[in-house]
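Have a look at this one before I ask anything.
Chains here go by letter, A, B and C, matching the order in which they are written, and residues are numbered from 1 within each.
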Amino acid sequence: MRGFVVLLLLSLATPEAGGQAPPKPPPAINGCVDCHTALEDPRITPPAKLFADDVHAKAGFTCVFCHGGDGRQEDQEKAHDPAKGFIGKPKPREIPELCGKCHSDAALMKQYDPSQRIDQLAEYRTSGHGKALARGDTTVAECANCHGAHGIQPVKDSRSPVSPTKIAQTCNHCHGNAALMAAHQLPSDPYEKWSRSVHYRARVEKADLSAPTCNSCHGNHGAVPPEVGSVANVCGTCHVTFADQFKLSPHWEPFKEMGLPGCVACHENHEIVKPTEAFLADGAESKCSSCHEADSKGARAAAEMHSDLVGLDREIRRATQLADRAAEAGMEVSKVRFDLVAATNALTKARADVHLFRPSAVHAAVAEGLKVARGAATGGEARLKERDFRRRGLFISLGLILLSIAALVVRIRERERSTREPAE
Amino acid sequence: MEATAREPGSGGVTRRSWASWLLGTSLGATLFAFLYPVLNYLVPPASSEPSLSEFELDLKAADVPPSSGRIVPVGGKPVLLLKNAAGELSALTATCTHLDCTVQYRADRTDVWCACHNGTYDLKGRNISGPPPRPLTPLEVYVRGEKIVVKRA
Amino acid sequence: MSEAKRSSSSAPDPAPRAPGESRLHAWARDRLGWDDLAHLAAKKRVPVHRYTIFYYLGGMALFLFLVQVATGILLLLYYRPSAAEAFESVQYMMADVPFGWLIRSIHSWGANLFVGVVFAHLISVFFLKAYLAPREMTWVTGVLLLFLALGFGFSGYLLPWNTLAFFATKVGTDVPAQIPVIGHLLSRIMRGGSDVSGATLSRFYGIHVAILPAISTLILGAHLLLVQRHGMSVPRSVEGKTRRSISFVPDFLMRDMVGWLAAVGLLAALAAFFPWELGVKADPFAPAPAGIRPEWYFLWMFQGLKYLPAKIFGIPGETLGVLFFGALGAGLLAVPWLDPRGKRGIVVAALVVLAAAAILTVLALLPVPGEAKP
């Protein structure tokens, strides 16, 4: 009975056959889904159910567009007819081409989403994943591994595994698997390291999506780690000032010659933590001492910059403490705090100027900041003096009050005595 | 006891009058200690207007060259004061909406730029590129006599 | 010329100067005619017994009220009652006006001290049963003064126009809206509109500096007159044992003054060590910060209302709460008639109410997990 209804309705719709041809207007009923859902088989039912919510389904594409076969047929053999293009479950090696069949077709994509790119397949072939897959390694990612197969959502949709909030975890699926990564001679801790970085904190804790995640630095479809010579360019897409300064610094040429990876040499690639002055010092966190021997010109330059920055930081802290103490005592400190903002800006600039690796530049920036910070400290001290003036005034007044009270008590006592000894 | 207490002018300070003197003097001094701040309070301070929603800058309108911008403190916060080529004044809050660095005016590109992470705004404060998620707030500016007055919108 | 001499007043010849009386004193006495008052004052005596110390509370409340009036008048010289300028004018006082910080902090701390002493005075009068005949009207005027004091506190709290005050007023003016029938009208009248705004500020300002002071003057005058007329009440338990008394002028007054000086010293110390906070200017469009609550003397009502269920027998819980508070207020006024013979029952009832209020106040002050300090 159901088959009859299907056929009846299908006969009203435009007939459609194999999936290899360009799409025609969608049929009214997707026979594949009906059968696969009804069968309740854990292998074939879930995909059919998921597909209902798929972005392709909503655009009018059905199972046969990827899997081939004939969706109008009720008989399994007829539906799964290889002559009608049925390929069953695609093999991993086939998937990029399968998706690319539509997604690299400019004329086709224009009909559905004109602003979407069509070079994903070309990019993929240049990537680490693409090259490995071409060599026959099926343990690498292809389209369906990241985008899903049947419940595919647009990238902007937060349900998509490659949406900005989820993509790092998707990459980590494989890149955090120690055994899998060992087989490819890759580390399995990039996600773990990145989760300790300032970029992770910005993205996850401050919901600042302008901070980078995996694809920001590695690319999407053409994912490869940046070459050592390109690291500064990649970091420099956001950290423009630092990259520009680094390229002007005495480190630029030597790093290129030595094949050192630019910014990553001091800042790491994944576990990028908040830099501190300790990087310049000669303790455990020192970055300079890994190349510059103690007492060399470089080491001395580092020490100079270090002491300059620490000095300004200390001065700002001192002024801030004074302002806080004054504010707690109820004094008005807005001008002091404004100056401190300017001083902190100077410190930020001085820290940026470290990347010129010339002590004189840092010194100049620090000198500016010190002037302002010292002014702020003076302001804070003045307000504390005012607080002391108030307290002195209070103690004097309290003293007078106590004196008056004492005088009153004396007088009261006197009167008591005199009333107890009434005059004769 | 009473004899000494009662006899007026009996020569020498009596205990009662000593106590009365002490009382009178201390109360008087206390009263003075109360009046001193009150009387000072009545005298208005040098800046006789409270800074309200408008702030008079320590800057003459004529001292700002055209096509320039500078940071001025307004109510404790940094504000970017701009003057365009036609000589019109405008003002924007100067705290970058990304991570709170202080922005600056770029004359060569006539835009507003944040050096920390390369955020850019146009002269109306709209965030046009880089990480800043929100625009800067424009503030009303006008000239009163010679001085520049900035008003919190 | 001689006519001029003859035309001196038909009033009786002025009494001769008493020994030791200064010329100025005599001159004033003749013109102001205060002899009668002076006699009354000299006659007034204060009984001395175990509970005499409580007699000081009334005078202390009066003194603190006068401190509020004095500092309030001084604040008037710089305060600007508009939403655009109120906060800034208070900031100006705290930062720029010489000793402005002192006057303002004394006024704010003094308000709390004043309300506290008024409560203490009420409680001591209650437990000493000084409301018994013929002092019923003294009690009634006193309770009205308490309500006026709370009104002063509520209206004054908004005047700095900071976030805390703004939202506390929002909550506080929501409460009368729960009264059936007239509630919404009452709330609108209080707010000067449908919401708390600059109009509310103007209104509260007028209430705080003109309306309430005028009413208070009248009722305070009545209260003091009645106290003078009936004299100091002596609790029954010490009635027979009281033999000593001291003169009001100057003995009791001198002891009063000790207390007053101590109070001023306390206020000055509080102003210097714990200046009253200014906070952040109110922004009606910002969401209410967590931890909003009214001043401590309203906390028991605030907390009590929180515990009421949304509906009791179909009537909104808050309405019943507000009506209950109204009943408490009416009961307070009616105490002399609820307990005309000074029995024990009312004491028990009062202790229950006080204990409940104290517990609710403590609960209101406990930090709620996850809430920031306002």
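What we mean here is this: contacts are C-beta pairs under 8 Å (C-beta built on N, C-alpha and C of every residue); 3 or more make two chains touch, one makes a residue touch a chain.
As the structure is a prediction and not an experimental result, all values here were calculated from the model.
Colleague: Using mean Cα positions, find the chain sitting nearest the overall protein centre.
Modeller: B
Colleague: For which pair of chains is the number of C-beta contacts greatest?
Modeller: A-B
Colleague: Quick one: subunit A and subunit C, Cα centre-to-centre, how many Å?
Modeller: 58
Colleague: Please report how many Å separate the Cα centroid of subunit B from that of subunit C, as a whole number.
Modeller: Measuring from centre to centre gives 35 Å for this pair.
Colleague: As a quick test, compute the distance in whole Å between the mean CA positions of subunit A and subunit B.
Modeller: 39
Colleague: Could you pull out the residues of subunit A that touch at least 2 other chains?
Modeller: Touching at least two other chains: 393, 397, 401, 404, 408, 411.
Colleague: When you check subunit C against every other chain, which residues touch at least two of them?
Modeller: Only 91, 96, 102, 261, 264 qualify.
Colleague: Which residues of subunit B are in contact with two or more other chains?
Modeller: Answer for subunit B, listing residues that touch two or more other chains: 30, 34, 37.
Colleague: Within the complex, which stretch of subunit C touches subunit B?
Modeller: Touch residues, subunit C against subunit B: 74, 77-78, 80, 84-85, 88-89, 91-92, 96-100, 102-103, 261, 264.
Colleague: Quick one: in the complex, what on subunit A touches subunit C?
Modeller: 329-330, 332, 390-391, 393-394, 397-398, 401-402, 404-405, 408-409, 411-412, 415, 419
Colleague: Which bits of subunit A are touching subunit B when the two form their complex?
Modeller: Residue positions touching the partner: 208, 210, 238-241, 334-335, 337-338, 341-342, 345, 348-349, 352, 393, 396-397, 400-401, 403-404, 406-408, 410-411, 414, 418, 421, 423.
Colleague: Which residues of subunit B touch subunit C in the complex?
Modeller: Listed in rising order, the residues of subunit B that touch subunit C are 30, 34, 37-38, 40-45, 47, 50-53.
Colleague: Name, in rising order, each residue of subunit B that touches subunit A in their complex.
Modeller: The touching residues are 1-2, 5-6, 15-16, 19-20, 22-23, 25-27, 29-30, 33-34, 37, 71, 73, 75-78, 98, 101-102, 115-118, 130-131, 133.
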